[in-house]
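Labels for the chains are A, B, C, D and E, by order of writing; each one numbers its residues from 1.
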Amino acid sequence: MTGLVISDLRLRIGQADILNGVSLGILGGEITGLAGESGSGKTMTGLVLCGLQPAGAVVTGRVEFTDSDRSIPNLLALQPREFNRLRGRRIAMVAQDPVASLHPMLTIGTQLTDHVRHHLRLSKQQATARAVELLERVQVPTPETALRRYPHQFSGGQLQRIAIAIAIACEPAVLIADEPTTALDVTVQAGILRLLRELRDDLGLAIILISHDLGVMSAIADTIAVMRYGTVIEQGSRQQVIQQPQTEYARELIAALPQVPPPGITTDAGGQPHPDAQPHPDAQPHPGVQPHPGNHPHSTRTGA
Amino acid sequence: MSHSSSSQHAEPAVADALPGSARSTRTSWFARPVVRYIGIRGLVSAVLLLGVTIVTFILTNLVPVSPITAALGEQAASDPATVAKFVHDAGLDKPAIVQYFVYLGKLLHGDLGTSIQTRNPVTQDLGQAFPATAELALCVILISIILGLGLGLIAAVRKDRFSDQLIRMVSLIGISVPTFWLAAAIYFLFFFVLRWAPGSGRLSPAATPPPRVTGMYTVDSLLSGQFTTFLDAVTHLALPTLTLTLFTVGMLVRFSRTAILDVLNQDYVRAARAKGLATNRVLFGYVVRGSIAPILTIVGLAFGSLLSGTVLTEQVFAWGGLGQYAYRASTALDLPSVMGVGLLVGAIYIITNFIIDVVYGFVDPRVRIG
Amino acid sequence: MKKKKVAAASIALVTAIAIAGCANGASTDAAAKTLVFDTTFDLKTSDPGRAFELTGQTIDKAIYETALTFDKGDLTKPVPQLTTYKLSDDQKTLTLTLTGTHTFSSGNPVTIDDIVFSYQRLQAIAGNPSFLLTNLSTNTPFTITKTSDTTLTITTDTPYPALPYILANPSLGVLDSKTLQKHGGTNTKDDASETYLNTTSAGSGPYQIESLDVKTKVVLTANPKYAGTKPAYSRVVFQNVLSPSQKTDIQGGQAQLSVGLNSQQVAGLASDTIKVLTSTSPNVGYLWLNQDPAYSGGITNNPQFTAAVRTGIDYSGVLAVAGNGAIQPGGIIPTQFLGAIKPDATNTFDLAAAKQSLAASGYSGQTLQISYPTDFTLDGVEFGTLAQKIQAQLQAVGIKVELAGLPITTLLQNFRAGKVQAGLMYWGPDFPDPSDYTTFSPGNPVGLRAGWTADQSPAVTAARKAAEAAVGDARAAAYETWQREANKAGVFIALLQAPRNYVTTGGISNVIPNAVWTVDVALIK
Amino acid sequence: MTAPATLIRRPRIAPVWRRPLAIVGILFVSFWFITMIIVPFLPLADPLAQDFTPLSPPSGTHPFGTDILGRDVLSRTLFGSRATLPFAILLVIISLILGSLVGAIAGYFGGVIDEIIMRIADLVFAFPTIVLAMVVAAALGPGITNAVIALALISWPNYARVIRSLVLSARNQEYVVAGRLLGAGPLSSLRRDILPNVASPMLVLAMLDLGSQILLLSGLSFLGLGAVPPAAEWGSMVGDGVQQFSNWWLAAFPGLAILTVVVGFNFIGDTLRDSLDPRSANAVTQVNA
Amino acid sequence: MMGAILQLDGVTVRYGRGASAVTAVAGVDLELPPGQIVGLVGESGCGKSTLARAICGLQPLAGGRITLAGEPIPPLGHRRRPARLLRIQMVFQNPYASLNPRRRVGDQIEDGRRVATRPVGSVSDLLTEVEMDASAADRFPHEFSGGQRQRIAIARAMAAAPDILIGDEPIASLDASLQSRIASLMRDVALRNDASLLFISHDLAVVREIADTILVMHTGHIVERGPAERVWAAPQDPYTRRLLAAIPIADGLGRIPG
C-alpha cells in the first residue's frame, strides 16, 4: 500500500522546537489535510517530507515511505543524494505562491521538462511530448504554445495548474500541496481543488493538503489532521473532525468561522444549471496569456 | 543606471482582470516592449553622455589655474604676444557658453583638443593609452568574473560555514588593501625578491610592440603570430592584473554572494530542489540564472571603476595607460587631456551600462516580452 | 680660479672612472647590440626646435649634430662639430665655417643653408628653446646670415660672450631642410614638421628615430649615413621607468644604463657587474625669500630675517638628504661653471648667529610658508624632503615654518606672478655660461619673481652689469663679485647641487656624464 | 561607531558578534582608536623630530626603523592615525549628511526632482572618481582639508542612491501612508516615520564607507595631493617609501596600518550588515560592493 | 457629529498613460451614510483597493468626483492632509507593515489623538476598546502578533475620531480563526464611535457577517449592491452568483464549491 507513515517527527532550529513529535499516516488514493494556524508547524512538516528543511535544522523521528515497487524504512536516514533521487520523482510538492515558485526567466517548457529528463532519462522530444500531455491533463489551454511562454504571461490560476503539472510529471506516489489555493481568488480556487481530487482518483496519489482554510479542507480532504504547537492534536475523517471535533482547540477553530447559511445560489435551485456544469472561468483561455505590456509580473497575488 | 521600479503601490493584476484591455501591439515595431525599453535606456544614456561633456567642461573651467602657464613654456609665458596668441587660438577669450559649444562641436568631429603636456592631439594620446588600460581592465574583469562569481556562489551555498567565512574574510581583505601599497608589495616580492615576474612596463625593453591592430599587445601579438611577444606581454600583465584582481574579486564576491543568497531564498529555487534536480543543475540553471541581472549590473560598475581605478597601480607598474596619463594630466593641470580622459571613461561607463541594460532586457523575458 | 679647479677636478675624476670602466668592459662586436637606457622621462617632443627637457636633449644629441659641441664632459670650451667658429673682438659677431662632409640620414649633405634654416626655424616657431638664439639682455633675436656656401654669421646687438657655448646645445641641432620642407617644415611660425620629426627624424647624428612615444619608450637605430665614428650600439632603447624599477631593471640586467636613481637608491648597489658613477648635476636647488612687502608676510623682506634663514640652514644636513656627491654652491652659479664661488659667511650654518639675527629682526612668530613642487624632483631628490629638512632646521632657530606642496604648474604660475612668500625651486642651465644666471639679479625676470626690484639692491645690479660687460679672463672674477653682492642681499639661497648617478651594468663603458645632455649615447661602448 | 562596543557590554552578545570576523574587526578598530587618543602620552619619539640616523632598518631602538630625515617610523605610523581617522570620519559624516539630504528629497518627492538629482548622481558616478578627486585636489592645492572636500564632492551619490531607494520603498510602506492619513506633513513624515527606519542601513553603509574613504584619502596623499608634509600620514609615508625598495620598512608599516584599520572597519561593517534585514542589507551591498 | 457623508460620483481611476493605460475603477457611484457598515467585495484586481486609496486622496482620479460632506477630496500630494479629511481613516491589510517598527505603540496612537477633531478617550481607553491591555502602549510593534497589531492599527485609526473608517482587506493576512473576530471588532468600534465603516474584503462570508450593505465589485465596476442578506440569499448579478458559489463551506460534506 502506497503511503507515508510519520512517527514522532521532531525538528529543532537553534533554540526553537518547531515540531514536537508529529505522528501521522498518509495513504495512497487519499487526501490528507494538515490544518492549523500559522506557526503550528504544518508547512515545516511538508518540507521535512521533501527533505527541504532549512539548513541547520535538527530532525529526529521516522518517516516510512512505501510505493508500488519499494519501501524505504526511514526517509530521514537517507543520504542527500538518495533523497534527491526520490524528490520530484516519488515525492513531489506544490507550493503556495505559483508566481514565486516558477523561475521568471525560464520558459514553462524548460521548467516542465528538465526534471522529467533528469529522472526518467527521456529525450528532449519525449519530454516535450510528456509536457504537452501534462498540460492537457491539468487543463492548460494550447499546451504547445504554453510551453514556449514565460510565467509572467499566465494568470495565477494557470500557473498553479502548471506547478501541479510539474509536480506530477514523474508520476510520484506522494504529492505535498502547501496552501495550493491560498494565493488564488476564490473563483479560481474551486478549479484547483477539483484538479487535485481528480489526480487523487486517477493516479492514486497520496496527497497531503496543507491549509489553514477549513472550508478547503472540508471540500476535498478525506482525513484531516489538526496541528498546533508542532504536534497533531486531532486526526480523523473529514466529517468527524469538522462536524464533531474532539478537542477544544478544533472546536474553537470551527466556531470562529463565519456562521453562514448556505449562500443563495444553492437554495435558488429550480431550473438553474448547477454551477459545476459550467465551464470553469479558470479553464478558459485567459487574457493574461496574451502579451500584455501593462501586465504586472505579480499580477495574481491577492490584495494590493 | 539603477533598475529601481518607480511605482510600488500600483494595484497589480488589473490588466489580468480586464479581458477587453488586451491590445494588439504587434503591428507597431516601436511598440514592442524590448524596442521601447532599449530606446528609453539609449535616450537616458545619451543624456548622460551630454551631461558628462558638461561636467568635464565646467570642471576644467572651475580650475583656478590659468591654462596659459600650464601650456606655455617658461619663456613663452613671459611674452605677452605669445600669450595673447595662445588665448586667442584656444578661444579662451570667448564666453564660457560659447567655449562649451565650440568644444562640443569639435568633439563631434572627434577633436578633443591638443594635450598641453605631450602636444599631441588628445585623441591620439588616448588612442595610445586606452588600449593599455583596456587590456589590463579586461584581463582583470575576466578573471574577476570567474573567480568572483565562483567564490561568491560557493560562499552563498555554504553560508555561515567555514568556507563561507574564509571567502568572506579574504574578499573583505581584498577590498581593504590599499592598491598603491599592494602594487608596490607585489612588485617588490615577485620581481625584486623572487624574480618570478618581469619588471615594469608592458613589454620587455628589447621586444618590439606587435603591429598595431587593437593596441592591446596580447591580442596584436597573437594576430601577427608573434608568440614570444605574446608570452612577454602576458608575463608583464601578470603583476598589475594580480594587484587589481584582488580588489575586484573581493568586490564581486561580496556582491554575488548577496545576490545569490537572495535568489537562494526564492520560492522558485526551493521548487526546483523539490523537483529533485541535481544540485549543479539547480545552481547553474536556476540560481545563477536568477541572480544574473544584479550581477551584470555590478560587473558593469566594476569595469567602470577599474578604468579609473588603475591610476595608482599604473603609477607603480609604469603601465603607460589611461591611469598614468590621467595622473600626469591632472597634476600638470593639462586640461584638454583631463577632459579627454574624463569623457572617455565616462562614455565607456555609460556605454557599458547601456549594453548591460540591453543584455538585461534580453535575459529577462519580463522586459523582453513585457 | 679655485672654483674652476674644483670643477675641473670633478670632471677629471668622472672621466677617470669612465676610462677605468672602459678598460674593464668587454668590447665585443656590437653590430646588432641594443643598449637599454632607463630614465624617468620628461619628454615632450624630439623636435630640437621645441624640445628643451633633459630627456629630449639626450635624444636630440644622439640624432642631430650641432655647429659646435663640447668634448666629452668638459663644458668650459666649445669645440667644432659641423663648423669651426670665430668670435669677433667686439663679441658681437660669430662666424661659423663648415668643416668636412656630414650627411643627413636621408643622404643629403649638410649645407650652410641647413644650418641657417634650422636656426631661423628655431627662432620663428617660438618653442621653449627659442630664447637660445635671442639676446636675453635686450630681448632681440640674433641675426643669422649666410655669408657664403661654407660660412654664416650670427650677430647680436650687444656683446655676447656666451654665444659659442649656446651653439653646443642639442636644441640647435641641424635639420635636413630639404627633407623637412617636404613634410611641412618651414622657417616660419607655420612650421608643421614636428610630427615628422617625432616619427622619422632628420638629422646627421649617429642615430635616427625608429619609434618614439613620449610617455613610454623611444627607440633609436644607427644612422647609416653618419659621418663620424660608428656607435658601438646599433640600437638604443630609452625607457620611461620610475626609479625603483630602474634599480630592479639594472639588477636584473634588463637595462644597461640608468640615470635617475638617487643616493639612497644607489647605496650598496655597486658590485662586480654594476658600476655607479657619481657626478654632480649642474642644477642648482635654491630657496627664495620674497622681497615684495605684499607677499613677504612682513618677514622675508627683512634683511635680518633673511640673514637668520641663511645662517640658520644647516647646509650639510641638506646635502646629506641628497646623499653622496651633493655639493653646496656658494652662489647661484653651479660649481662646474665659470664664475662659481665657495660658500661665504652669509651662507654657512651658524645657529648662534641665526638666532641673533632673528632676534634683531623683531620676528614675532609669523609663519614662513615655504612652497615647493610635489611632482618634480631635483635630480631625484624630493623637494618635499628638502623642505621638511629646512623646516626642522629653521624651527630650531625659532622660525615657524609651514610647508605648501603644489604641482609644479601651479607653483610656477604663482612664482612667476611674484606671489609666493618663499619656496624651493631649481635652475637648470640653458647653456653652460654664467651669463645664463644674471636673470637672478634684482629687476631681472627671476629676481622679480621674488619681488626683487632693481632699486632695492643697486649694488647687485651694478655688479651684474660689470659682469655682463667683462670679457676674457676678467669674466670669472666679475661674476664672482656679482654673486657675493647678491649673497649679501640674501634673496636667493643656493642650497645644493644634487649628485647625478649613472648606473651601468652588462659591461658597458665610456659613459661620460655631461651637464647639458646628460650622456652621449653614441660614445658608450 | 559605538555600536559594537555597546553590544559587547550587554550580558548576552549577539551571535554575529562572536564570529572571528567581528572580533578581529573590533580589535583592529579599537586598537587604532585607542592609539589615536593616547598616542601623545606614549613614550615615543616626536614624529617630526629628525634626530636619528636616517634610513636605519628596524632595530630595538627603532622597531620600525627610521626614514630619510631620521624620523622614527614607529612613532610616525602611530601618529598617522590622527592624520587619517578624524578626517575619514569627518568625510563620511559630510557625505552622509549631504547624500542623505539629497537622496531623501529625491526619494520622498520623486518625479522631476528625483529625476534631476539622480541623473546628477549618475554623472558623478560616470566620471572617473579618482580623476575627479585629483583634479579638484590639484586645483585647490594639496592639503587634507582639500582632499576631504574633493572626496565629499564625489562620495555623496553613494549615500544619495541608497537612501533614495530606501526612502522610496519606505514612502509606500503602510505605516508611512498611515502617518500621512493621520495628518503628518512631509517633514514630520520623513522625521517620524521614514528616517528612523532607514537610519540603520545608512549607518552600516557609513561604516563600510569609512574603509573606502580611508583608502581614497590615503591614495590622494600617496599621489601627493592629500596630507601636507611633515605631517605623519600613512598614504604619504607609503608614497615616500615606495620609491626605495631597499628601505622596505618605510612603506611596509604605514601600509599595514592602512590595511588593518580598513580591514577593521570593513569587518565590522560587514557584521553590522549581516544584522540588518535582508532587503536593507542588499541595498547597502549594491552600492558599497 | 454625524453629518459627514462620503459620496462618490462616477469615480474613475486609471493606471499608466496613453495607450498602455489600464482602467482600475470605472465610474463607481457610492454613498456612505453615517453609521453605516458597507462591505465592498471583489477578487484581486477588481479595483477595490484602488477605490479605497482614492477615497483617502492617495490616488488621483481620472474622472468623477469624491466628496466628503459636500466638499471634494483633493489628491494628497506632498502637502499635509487638510484637517477636514482627517475624518477619514484607514486600516491596512498587512499588520506587519502598517505600524512604524521604530516607535512605541502608545506614541503612534497618540499621533491620531493629536489630530482628533472631537474628544476621544485616552490611549489606554483606546487600547481597551480594541481588547488590548493598556500596558501595550509602552511596547514596540514587533512584540505583538498579527492579530494584536491589527487591533492596535484600529485603535490608532479610531484615535483620530474619524467619521469614516476604511478597512482595506484588514483581515486578509490573518489566520482564519481571527478573521471574523477582527471584522466584528471593527464593526463594533465603528458603531460605538458613530463612524461609518467601509469594509473591503475578498471574503464574502465574513463581510456578510458584519455589513449592512454589500457592494460587489468586478473589473472596476460595482456589479451588485444591496442589503447584506439580500445579496447573500438572492444575488442578481451572474458574477455575484459565481462568487457566492465558489465559497467553500466548512460543512464536512466533501463538496467542492463553484
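Odds and ends about this structure:
Just so we're on the same page, a contact is a pair of C-beta atoms (placed from the backbone, for glycine too) under 8 Å apart; a residue touches a chain by one contact, two chains touch by 3 or more.
Everything quoted here is computed from the prediction, not taken from an experiment.
Under the contact definition stated at the top, the chains bordering both chain C and chain D are B.
Central chain assignment: B. Criterion: smallest distance from chain C-alpha mean to the mean of all protein C-alpha atoms. Among the remaining chains, the Cα-based centre furthest from that of chain E is the centre of C.
Comparing the chain pairs B-C and A-E, the larger number of C-beta pairs in contact belongs to A-E. The mean-CA centres of chain A and chain D are about 51 angstrom from one another, to the nearest whole unit.
Centre-to-centre, using mean CA coordinates, chain A is 89 Å away from chain C. Centres computed as Cα averages put chain A at a distance of 48 Å from chain B.
Among the residues of chain A, those in touch with two or more other chains are 293-294, 299-301, 304.
In chain D, 138, 224-225, 242, 245 are the positions where the chain touches two or more neighbouring chains simultaneously. Contact with two or more other chains is made by residues 242, 244, 248, 374-375, 407, 410 of chain C. Across the complex, chain C is touched by residues 65-66, 69-70, 73-79, 82, 117-120, 128-129, 184, 187, 191-192, 195, 198-202, 204-206, 208, 315-316, 318, 320, 324-325, 328, 331-333 of chain B. On chain E, the positions that touch chain D within their shared complex are 56, 58, 76, 78-81, 83, 86, 88-90, 92-94, 97-103, 111-112, 114-115, 153, 156-157, 160. Within the complex, the chain B residues that touch chain D are 1-2, 4, 6, 8-9, 47-48, 51-52, 55-56, 59-60, 62-65, 165, 168-169, 172-173, 175-181, 184-185, 188, 192, 251-252, 254-255, 258-259, 261-262, 265, 294, 297-298, 301, 304-305, 307-309, 311-312, 315-316, 326-327, 330-331, 333, 338, 341-342, 345-346, 349-350. Residues 48-50, 54-55, 68-69, 138, 141-142, 224-225, 228-230, 240, 242-247 of chain D are the ones that touch chain C when the two sit in their complex. Looking at the complex, you find that chain A touches chain B at residues 50, 52, 55, 84-89, 92-93, 95, 97, 100-107, 111, 114-115, 118-119, 150, 152-153, 155, 163, 166-167, 170, 286-288, 290-301, 304.
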